[in-house]
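In order of appearance the chains are A, B and C, and numbering begins at 1 in each one.
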Amino acid sequence: MLTGTIIYAIINSAILALTAIGFNLTFGISGVANFAYGAFYVMAAYGVWMLIHMAHLPYPLAVLISIGFTTLSGALMYRFVIVRIKGQTLSEVIATFGIGLSVLELFRYFGFVGFEYTLPVFHDKSFIIAGAYVDAQRLFILAFAVALIIALWLFTHYTHLGLAFRGIAQDERTALTFGMDPDRIASLAVSFGAGLAAIAATVIVPLGSISPEEGYDVLIKALAVCIIGGLGSSGGVIIASVVVGFAERFTDSYIGSHWTMIVSLAALLVVLVIKPSGIFGKQKELEERI
Amino acid sequence: MKRRKERIDRGIKARSQDIFALSSWREMLYLAGPRLLPVLICLLLPLILGVYWQKVLMSVAVFAILAISWDILAQSGMISLGQALFFGTGAYCSGIMNHYWGLSPLLTLPIAAICGGLISTLLLLPVLRLRGVYFSMVTLIIPLMLVRVIEATKVFGGTEGLSGMDPLPSTAFEVYLIVILLLAVLFGFRRLMDSDYGLVLKGISDNDRSVINAGINIYWFKAQALFIAASIAAFAGAFMTHVYMFVGMPVFALDYSILPIAAAVVGGPGTLAGSVVGAFILVPLSEVLRGIGGLRIVFYGVFLVVCIVALPEGIFHYIQRKYHQIERWVEVEK
Amino acid sequence: MSLPLLETVHLSKSFGGVQALYDVSFTLKEGELLGVIGPNGSGKTTLVNLITRFVKPTSGEVLYRGNPIHHLSPHKIVRLGIARTFQMVRPFYQLPAFKNMIIPLYSPRAKGLVGGRYGDRNAMALDLLEEVGFERDSFVAYKPAGALPQGYLKRLELAKAIALQPDLVILDELFSGLSLAEVASIVPIIEKMRIQGKTIIMIEHRLRELFRIADRVIVMNYGSKIADGPPDTIMEDEAVKSAYLGSETDSGD
């Protein structure tokens, strides 16, 4: 039982990390808290579903198109809404929240609720690892999460755009003096975040079914993980995912599945009391504003 | 011949500044009218409306109070995405006190307001030191998390909630209580926000470095603003518990978080009166649109985004501007 | 010997990899006017930020009247009697100038001034502004701060500091952006503060104007203190000259 729990805990952490990375990236780079994040996640999943069932496209193609479409939506949201109100936190928060809300409830209104809204798993097989059943999809998620994190690391350290992202994330003003266009970078950051949400969706959703509720759940989880780990810090997100992932899984196995959300809430409150800026939070409070 | 739009104060506005306001009935009416008229309407409406619309009026008042609470926080630099947190905490506090300890509503209402305010403030105290976005995020997820916690642990009635609360003395009492409270909150806190105390709060929101530099503890002031706003909203929650004689998970629903923001933004952020205007528009509208179900929220969402981007000043400001100023085209000299 | 009003002991600050301030120690006697000068980036503003605790020191201490203050919150330090102005003036632009004074007058430090809890801050604001040169009959105090020229904005900053009835005033580049005439009209206000017994630290780039009024000057370069003495000795100091002008050996090609 213990090894099984540990394995599932690792996988749970991978899922959380995948979910939260996009939100963290957008915020770290452009300072935009994208409250429509959950909506992008769900939109991508429904997109794949619709492309498969209505346009009869093959699964991989549907996935690619949906991810692309979601990324584009992120850019459009930036271009038409955020850019007019960028810098005014009040408006940014309300606007992204309003958009996310409208999209999710629109899906709910049009009846996209029910068990038939599922995506097929990539490979229908199960393995036995250390005495526990683990299905291929979950293993894929784990491998994919690791691969994605490595890919992102390489991206932000070895490509021009990635280095630009890191630069702006560390010190916006200095980065701007190097001639980077803040709007373009922010737009890319929002699109990237949306795209990562889409990628996470296509990989994770096959485990269950899609529903608009997922959108809110994803947003909550991403926010919780990011706050615990420290907004803007990728290392923090990973550590927080592991902490919360393990806590949730062990609670589920040894105490009862009802308590998992309480554990997450408790973790959040504990972090807020001890170190509100998160585990690796770089909240410089006053210093950064002088 | 080029023309431009010019806006100047109306004659009567200039004539009613300072002590000159007392110079004639007309000037006094100009100033008193906009304040007295809504008060009179609010007080007379319950008499002419039928039972159904009285309930709608109560709903309007509740959401208006939530919107005012939101506006106070927003002016102090805290954008709450979770008015439902304060509302729900107050609702549960009064529900618990009435259900388990049998306290009368006349006691539970004020106590729940204070307790709800206190609990919410304590919960949010740690994030006051951080950037504003943290506050928004935490206020968003805590009520949603609480819903799931209640659902899972079945505490305080769990999914069924607590029912069988004592009602308030009479429907007339209910309606007038909330309406009068709304007016008291509106005018009372309007004065507060216009006073020097309010200026400090707005200063914290605009340039907190400056306020710290004056030796003022900004976190203490933020906590005060939070407590005030949370208590008002908690009272609204406690009130609803006794009106419906029920409290359950739905009190933490997103509806109670979103509609107040929409009302404040549409009506005019930064003026408490705008929140009331917004509530008077949106709540009856949402009743009328009840038939289209979930699409309502889509409607709010879209409306919200459009207003925030295109008409940030809000309806109240627009009306206020028209009342005080006239616009006309003038020619531009070369 | 009386206790120095302010003393820093081996004060250092590094931001990540950048050493902004390194081992700076100096004392300040009550009633002195101390000038702090140095090329751009030499750590002058960091020093002020450390004293007023807007920034935490990496090591070292700051003592005020003999008591350590470097671990207190910034607003508590203001309440002890230290006031500062900012190099980058940022008033509340849409508010009239006198409304900008309300917040400092709301401070616990301003209690004596405003005559009780419900005293009229508006009237006091206008009085204070008049003392720093906002002529009453021109009604300039009623103009929105966004419409005021730099000279008036600097005076507003000064008035905000004076409202806090401080014992130690730190002025960060007060003279920058002002014409000679404007500087000449602000100096009497500073003199008046000295007569009232206030101790003043002035960070400046305008050396000529500063040297006329300073008792003592500290020179900073690359985060360290390189000289400390009365203005005439400082002007002759070799290290100071090379810091500002570059020495003969490093006139490169």
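Going forward, a contact is a pair of C-beta atoms (placed from the backbone, for glycine too) under 8 Å apart; a residue touches a chain by one contact, two chains touch by 3 or more.
What you see is a predicted model, and the numbers here were worked out from it, not measured in a lab.
S.K.: Could you work out which chain's C-alpha centre is the most distant one from the centre of chain B?
M.R.: C
S.K.: Determine the chain that sits nearest the middle of the structure, using the mean of its CA atoms as its centre.
M.R.: So the chain sitting closest to the middle is B.
S.K.: Please report how many Å separate the Cα centroid of chain A from that of chain B, as a whole number.
M.R.: Centres of chain A and chain B (C-alpha means) sit 32 Å apart.
S.K.: Counting in whole Å, what is the centre-to-centre distance of chain A and chain C, each centre being its mean C-alpha position?
M.R.: 47
S.K.: Using CA atom averages as chain centres, what separation in Å is found between chain B and chain C?
M.R.: Taking the mean C-alpha position of each chain, the two centres sit 42 Å apart.
S.K.: By residue number and range, which residues of chain B touch two or more other chains?
M.R.: If we look for residues of chain B contacting two or more partner chains, we find 209, 212.
S.K.: Indicate the residues of chain C shared as contacts by at least two other chains.
M.R.: Touching at least two other chains: 54, 74.
S.K.: Going by the contact rule already set, what residues in chain A reach two or more other chains?
M.R.: Correct list: 286, 290.
S.K.: Any idea which chain B residues touch chain C in the complex?
M.R.: Per the touch definition, chain B meets chain C at residues 196-197, 199-200, 203, 206-207, 209-218.
S.K.: Would you tell me which residues of chain C are touching chain B in their complex?
M.R.: Touch residues, chain C against chain B: 52, 54, 73-76, 78-79, 83-84, 86, 90-92, 99, 102-109, 121, 160, 163-164.
S.K.: Residues of chain B touching chain A in their complex?
M.R.: 74, 79, 81, 123, 126-127, 129-134, 136-138, 140-142, 144-146, 148-149, 152-153, 209, 212, 254, 258, 261, 265, 269, 293-295, 297-298, 300-302, 304-305, 308-309, 312
S.K.: Name, in rising order, each residue of chain A that touches chain B in their complex.
M.R.: Within the complex, chain A contacts chain B at residues 27, 33, 35, 81, 84-85, 89-91, 93-95, 97-102, 105-106, 108-109, 216, 219-220, 223-224, 227, 231, 258-262, 264-265, 268-269, 272-273, 276-277, 283, 285-286, 289-290.
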